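Listed below are the structures to be examined.
Below are two complexes that have chain A in common, paired first with chain B and then with chain C.
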Partner chain A sequence: MKKKLLSALIMVMLSISLVACGGNQMNSDSDSTQSQTDNENASEEIITIHVFTGLADRKTGTGLIEEILFEQYMKENPNIKIEVEALDGETYKTKFKAYATSSEMPDLLGVWGQPAFINEIIDAGLLAELNPEDYKDYGFVKGALDGFSKDGKLYGLPRSTDIMGFYYNKAIFEENGWEVPKTYNELIELAGKIREAGLIPVSMDGADKWPLAIYLNDLIAKIDGDNGDKISQSIANGDFSDPTYKKAAELLRKSVEAGLFQNGFETTDYATAFNLFANGQAAMYYMGNWEMSIATNPDVLPEIRENIGVFAMPEVEGGKGKVTDIAAWNGVGYSISANSPVKEEAIKLLNYMMKPENLSKLTWQNGVGMSAQDYSGYLTGDETVPQKIFTNILMEATSITGTPINDLGTSAFKTVCEDLCQELAIGAITPEEFIQKLEEATK
Partner chain B sequence: MKKLYSNKWIILSLVIPGIITFVFAILTPILLSLYYSLTDFAGIGKANFIGFENYKNLIKDKVFWVSLRNSLFLALGFIFIQHPIAIITAAILDKLQGKAEGFFRTIYFIPNVISVAIIAYLWKFIYNPNFGLLNNILKLFGYTNEINWLGKGMAIWSVIIVLIWHGFGWGMLIYYAGIKNINPILYEVAAIDGADAKTTFLKITLPLMKPVIQVNVTLAIIAALKQMETVYLLTNGGPGNETQFLANYLYKQAFNSFKYGYGNAISVVFIIICLASTIILNKIFSEKEYA
Partner chain C sequence: MTTKIKNNKKTKVSKIIMMICLSIVAVIQIFPLIWLLDFSLASSNELFTTGLLIIPKKIQWGNYVKAFVDGNFLLYLKNSLLINGLSLVLVICISIITAFATTRMIWKLKTAVKTFLLLGMMIPIHATLLPNYIIYDRVGLTDTIWALLIPYVAFSLPQGLFLTSGFMEAIPKELEEAALIDGCGVYRIILIIIAPLMKSSVATVAIMTYLNNWNEFMMASTYLRSKTWKTLPFSVLEFTGQYSSDYAVQFAVMALTALPAIIIYIILNKHITKGVAMGAVKG
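And then the complex of A and B:
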């Protein structure tokens, strides 16, 4: 008995030590590849660059353009292997933070050049510094790199210029004899008429909350005109006593009461809000220019996608802002992980992608958005209606808001601010309470 | 053999895997949580020790209390709505016999087999005020008001109904197994004595099911407290924070607001509440057994 047990014990010990050896073997293997990639003369070795991107759709839109560029790059550099992990919007941000907490980041990262997202990551030293000299000839528009810079150092590059606007269904408008509203009151009036016709006036993604915050920011711009960095100041000082904020809040609440958005907008998520418009159930859709590819999206019915118009948030009566004071910013972009074992290679890949003739040109000519670079050299004359209008809106802009209010503070402020915008919109809190709680959130 | 077991080293070697698992997978995380709950750790960067600041804020945090209240609502919903129905259904299933028994048993368990993500989206569409199934059914009966099921004031009830519906199969299955374990002779004897279905259920089934009920109720309360995934996918606590639940709120604070320390404070309180409710439940049930 004793012998049997002993031999069994020895067997167990042996197998454990064997497993341990195996583990060691594997560890030393990966160690050696790592040191090889660190080595300069590793040209024959396959170098894997891990890309983490917030564009889950790899078949259309900017996701497709990323894929095209990665393919090209791998063809030109046979020793590079690019592995992509893609998640959508909010899920992406969550996973990104999980990565950030574990300090094991992929090499090339999709980021938002906005304080609420990027500041904490920069402060933790997770992003690699880029050399601004490299991008002198890249044609980035004025101020585009600001959001990706901190204390004079550059940590990322913007991929797009984002502009908010109302997409509208021209066919529905024409059938009913509706006009594009010139003022905000006209928009509210129009909403009543659209409701009478049994349609949803404006499809709104209220579940994700940030579109509501941007909407509020858009209203602030129309009330105030060019207000410089007033909102940043208000957040820094915890002082929202400026009447603009309350007026914008009242206007948002009034719009909801007038039935501007669909019933249950606060529980309608991104995809559902988009579909309400794309299926013709809603006459308008408040969203950014990154959805301009709706005009060529094969999943959208032709009678809808060929009849899409766009207009910017109309002027607010009594407001100082003009229709050309627009809600726009350079939000999304890319950064490189500071601790990446293949940092140099990842930066090379980034620089390749961001060359004007690559991402900027492809983005424009595929009608999926507007880059943060000067793309005027790539106009083809065959642009879709939303492309033309958004370009016009941007060209004629007298001021742009920059990063919207929810993204101007810390990430804790962002959460509270977005919650408050939703609660304000559904009438759970009054505009006065909104202001008061917003001030509390800055503390 | 006896000699072998009196050797302390042998005992140690047999116990150690369990101890290691417990220490590293359960105890260490809890202690780390406790430590981080006393800091202002932001997930990344440095953690500063701030004493009980997080706990003080927690007491003042309205959303925390709303989350706790919602979790309690859900627990009550489980105990007073889901479980009575589950026991009765299980008893009826037991009486059905034959093919019908297997058929209905499967039907009732299906919601548990489907992934939570699909369940959440399914109900999101059912509840949708613009094109949802529920409002369309109501329209057939002449209600043309588009009810916003997940909107202000309604949302928490809509969410609780989904959770009750989703967890029903599990509860029922455990009760069903419990009923199957009751000696059928008891029922035969009762039948000979002229007891009707109601009396047999109340006098035989229910008393003999007491241990099963105890397990099930404890499980239900813990499930209610740690409810997260369905709520996250269905409303993510919205509108505002109306349908916020403890686990989801913890997640939101830690991973959306980057208040990792605060999130850990919530989780510590969360563990205490879970432990306390388990102890209280055990007390209640054990007292009854002696009575």
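And then the complex of A and C:
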């Protein structure tokens, strides 16, 4: 009996090891045939472009739009083969670092046009320079290319314009006779009224911390108005003594003390914050324009999704900024690898994607966000309310903040700055300590 | 007489208390699985309503269809099974052989070698991620099955060696001596005498290796680029949006991913506790 069992075991082991070897052989075979075909293809000029993107979901949203464009491009150019590798968020950044050390950097890359991310890779010479002349007719909005440029050279193109604002539930506001606040104090007062009605005033994603940093940046814009590159300067000099910062920090703390955000907002993650609003438990929701598709989201109840309005951060009493000085920036985009063997082809693909009638138009028509290009030619008048309002906010803007404070320094500064914003919000540190620690973080 | 009744009562009471405690533990252990199943059948929007469990308005079998079709489930399952199966066999074979060499055979450096191998337990995966990637890149192993197989075996081996060598010390030497006298060689001793006696510790090593590697994503996402060898955790990723994700489908994928793990655990369950306990004392 035991012998039988043993021989059976050995058989299994042997067969598995055989399979392993066989598998390996097949594998190396296919590898070699692949490299062979690669060589043959080179003579037939079939070119493989390797795309590395941070949009893991390829079936909805911007990921789907990328897929559509890649399909189209391959149809129009039969000699091009596009291979997509998609990871999300932090795993994307880790893999990006790995690629940066290797010989096989993908050709077309998703990047963030913010110093915290892009400066390090530009300095390492990983990104190819693009010719700004090519994009004269692409209708990029003013300043959109700044984040992707360094020392006057262009290294990437932005995919979107991001604007922060308050989504609000118009039905709830009307029922209770509340009005859209014109000033920050009115917003704080409104918070009390909404609390009395048993609702959450503003649903806030505090666990991810960056919405708090942007909220702070939004307040700075309302206090200062158009302040140019003051924040960048402060980070470069390690000097946050300007009273604006302390005032903004105090206002953020004040809104938490007044109960503007839900209880436990510091542990509420993105999806939960979104759903507090989408389920009607919160009257407002502070988030970017990329969530404008909430108005057509079939998972959201019709009585809520059809009643959504948007307003920008209201003016601060005594502040120089107007309501039209908005928190907006061009964050995500694409670059080309400097060492790519198919650099020319990759740039052609990028140029194709970024043509106004492609990415820009599809993004708008699918309601998944706003491109960094002038999309006014594609307005039909049938857009959803959030789409219309965000467009208005952007068109009437007297100034935009650009990259938010947390993304303006190094990647280490980003982590510290976001942590500090959260600690400030929950009252673990005072505004004075916040300023002091922020200065320390720049050193 | 009376004391006997008292004793009976006592044992009854303590039995009841034990049963209550055990069922509480069981509920705590099983609840996440029920929760997983429950959420995988609801729609994404329903997940955020209050209450522990949801009664879905309509049972969403579509989540599972999506998981299978859009999540490339079958391909990834095949890869996961193959990679895990191979690393399992390798880890078990190598740890038994090494354990024999370092506990039974007498040679100069045996303790040094054993300690050196066990040191591997202290190396965190994250520290090796980039250096390994650079080596693979130079050797041309990225995006092959070896890119996963090598680290999976390497990281499970110290633990496997620790458990098997502890267990092996508990096997009486006399058995081997008898075998030697009857004319067994070293290989036959390992195969015919030692290996069958190691069943429970092999089961323990198998479960631990399997559970460690089944859900591993960090290395897989770094070392692989094409679909060919991607493993099951990538399936969850297919439904991760830029900001928010399709949670219901992700739950369905996770339920499907957990299923093989649960089946294997049930099969090997009998042996695992024994293996850990016996290996621990002499380790």
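We take it that the second predicted complex is superposed on the first by the 381 of 443 C-alpha atoms of A that agree within 3 Å, B and C clash if a C-alpha of one lies under 4 Å from a C-alpha of the other, contacts with A are read in each partner's own complex, and residues count from 1 in each chain.
Keep this in mind: contacts are C-beta pairs under 8 Å (C-beta built on N, C-alpha and C of every residue); 3 or more make two chains touch, one makes a residue touch a chain.
Quantities reported herein were computed from a predicted structural model and do not represent experimental measurements.
Colleague: Once the structures are superposed on A, label A:E291 by its partner contacts, choosing first (chain B), second (chain C), both or neither.
Modeller: So A:E291 only meets chain C here.
Colleague: Of the partners chain B and chain C, which touch A:I163 in the superposed model: first, second, both, neither?
Modeller: It touches nothing on chain B or chain C.
Colleague: Of the partners chain B and chain C, which touch A:A428 in the superposed model: first, second, both, neither?
Modeller: It touches chain B, and chain C stays clear.
Colleague: Considering only the touch criterion stated at the top, classify A:T272 as touching first (chain B), second (chain C), both, or neither.
Modeller: It touches chain B and chain C both.
Colleague: For A:T60, decide between first (touching chain B), second (touching chain C), both and neither.
Modeller: second
Colleague: With the two complexes superposed on chain A, say which partner A:S411 touches: chain B (first), chain C (second), both, or neither.
Modeller: In the superposition, A:S411 contacts chain B only.
Colleague: For A:M313 in the superposed arrangement: first (chain B), second (chain C), both or neither?
Modeller: neither
Colleague: Is A:I118 touching anything from chain B or chain C once the two structures are fitted on A? First, second, both or neither.
Modeller: neither
Colleague: Just to be sure I read the superposition right, which of the two partners does A:A213 touch: chain B = first, chain C = second, or both, or neither?
Modeller: neither
Colleague: Quick check on the output: what are the common chain A residues between the chain B footprint and the chain C footprint?
Modeller: On chain A, the overlap between the chain B and chain C contacts is residues 2, 5, 9, 94, 97-98, 101, 103, 272, 276.
Colleague: Can you list the chain A residues touching chain C in their complex?
Modeller: 2, 5-6, 9-10, 13, 16-17, 20, 23-24, 27, 31, 50, 54-63, 83, 85-89, 91, 94-95, 97-98, 101-104, 270-272, 274-276, 278-279, 290-291, 299-300
Colleague: How about chain B: which of its residues touch chain A in the complex?
Modeller: Touching chain A: residues 1, 4, 13, 42-45, 124, 127-131, 146, 148-152, 155, 235-236, 238-242, 252, 255-260 of chain B.
Colleague: Report the residues of chain A in contact with chain B in the complex, numbered from low to high.
Modeller: Those in contact with chain B are residues 1-2, 5, 9, 93-94, 97-98, 100-101, 103, 120-121, 123-124, 126, 200, 207, 209, 262-264, 266-269, 272, 276, 281, 410-412, 414-416, 419, 422-423, 426-429.
Colleague: Of all residues in chain C, which touch chain A in the complex?
Modeller: Residues in contact with chain A: 43-45, 47-49, 70, 82, 85-86, 89, 93, 129-130, 133-134, 137, 142, 144-145, 191-192, 195-196, 217-218, 221-222, 225-226, 237-247.
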